[in-house]
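Which chain is which? They are A, B, C, D, E and F, in the order written, and residues in each are numbered from 1.
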Amino acid sequence: MDENWLPTLKTDTPQEGYELAVKLSRMSIKFMQPDADVRSAMRLMYEYDTQALISASQTIAEHFQTIAAANDYWK
Amino acid sequence: MDENWLPTLKTDTPQEGYELAVKLSRMSIKFMQPDADVRSAMRLMYEYDTQALISASQTIAEHFQTIAAANDYWK
Amino acid sequence: MDENWLPTLKTDTPQEGYELAVKLSRMSIKFMQPDADVRSAMRLMYEYDTQALISASQTIAEHFQTIAAANDYWK
Amino acid sequence: MDENWLPTLKTDTPQEGYELAVKLSRMSIKFMQPDADVRSAMRLMYEYDTQALISASQTIAEHFQTIAAANDYWK
Amino acid sequence: MDENWLPTLKTDTPQEGYELAVKLSRMSIKFMQPDADVRSAMRLMYEYDTQALISASQTIAEHFQTIAAANDYWK
Amino acid sequence: MDENWLPTLKTDTPQEGYELAVKLSRMSIKFMQPDADVRSAMRLMYEYDTQALISASQTIAEHFQTIAAANDYWK
């Protein structure tokens, strides 16, 4: 894990904010399952598991809400 | 994926905001499963899977909340 | 789908706001499963599926939160 | 269903607000499954179903958040 | 159930706020399953059920968000 | 459990805020399953359970939202 992987919640555009939300979602998995090989194996499975993908999309949506607020919705 | 698929969270109407929420929900799946053929196959399944549709509706609701706030609720 | 099904998030009363939240929840299913016959068949099933009903109630709650904020909580 | 079951989100105390959140959670089920006999049968089952109770508690928490904001947190 | 179990959302510290969130989460179960013996039996089971514990943690997180806002984040 | 494990929601950086969100997520499990040996056994299992990890990531996202707001998004 990079030592400094989340310096700020500010992004230039909504799209970069969305990408950051995806990253924050993935970091949770890293915190709970530090073994990269295990994570790769799990990813191979859940990429084909509709329910897992949809559940993960809820996490992304929650993080995007936070990041959007942090950027005053890029108004 | 379009290079610039989320230029803004602003929409003219609540309905367009809702449609954007559906798009944001779908983008999460694209990020996690980049293969369009696999996504098409999964969609064929989850379109008939009540629990999957309801879970996806939660993601849409979360994104709509963000977009509604970004548009000051179209007041 | 009506062409203009969400002109505003404003409602006169909290109860109408709640009814709109139910509508927004149902619209997600329409977006993902456009075939009305399939939706009717699914509804017949999930109306007797406790977990599905409870999951759907979470979506309604999320939309109601958005609508309540849009109406300044009908203060 | 009472004709006017949600006249306001204001309550005198946090506790009454919580009770209203429970009511809003239950109303979702009424909207989706209007048959009271079916609901009674379902309730007999889910009262002993841990996962269902916990899922329902998420809906209550979401509604309580809305109601608490509507009451300015009873400050 | 105590007659007056939620007099206020104010707490002196974030930690007490968190403990209140745990309490609010538990109260939902009480509302839906009033029989204490049944609840004890269910608890014996879900204490060893990872998915149930994680689902319950989502409810706690939602309540903690409400309580934190009610306390202006203990700033 | 430390006697004073949550003195404040303030952190110096978003990253420390995220780490606190992970901690808050874990504390819920401690509250519901106080036996450390049982928790260790459960962790061994859920670290390989994609759905459990994703559900836990939703809890982390919810707590991170609270902590981000408490820190005014580290603006």
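The criterion applied here is as follows: a contact is a pair of C-beta atoms (placed from the backbone, for glycine too) under 8 Å apart; a residue touches a chain by one contact, two chains touch by 3 or more.
Which protein is which chain? UniProt says A, B, C, D, E, F = Hexameric tyrosine-coordinated heme protein (HTHP).
Since the model is a prediction, treat every value here as computed from it, not as a measurement.
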Length of the line joining the C-alpha centres of chain B and chain C, rounded to whole Å: 16
Separation of chain D from chain F, taking each centre as the mean of its C-alpha atoms, in whole Å: 27
Intercentroid distance (Cα basis), chain E paired with chain B, Å: 31
Per-residue overlap in chain B, given as positions that touch at least 2 other chains: 46, 51, 55-56, 58, 62, 65, 69
Graph class of chain-chain contacts, one of line, ring, star, complete, other: ring
Order in which chains appear around the ring, chain D first, chain E after it: D, E, F, A, B, C
In the complex with chain B, residue positions of chain A that touch it: 13-15, 18, 22, 46-48, 50-51, 53-58, 60-62, 64-65, 68-69, 73-75
Complex contact set, residues of chain F against chain E: 4-10, 24-25, 27-29, 31-33, 38, 42, 45-46, 49, 51-52, 55-56, 58-59, 62-63, 65-66, 69-70
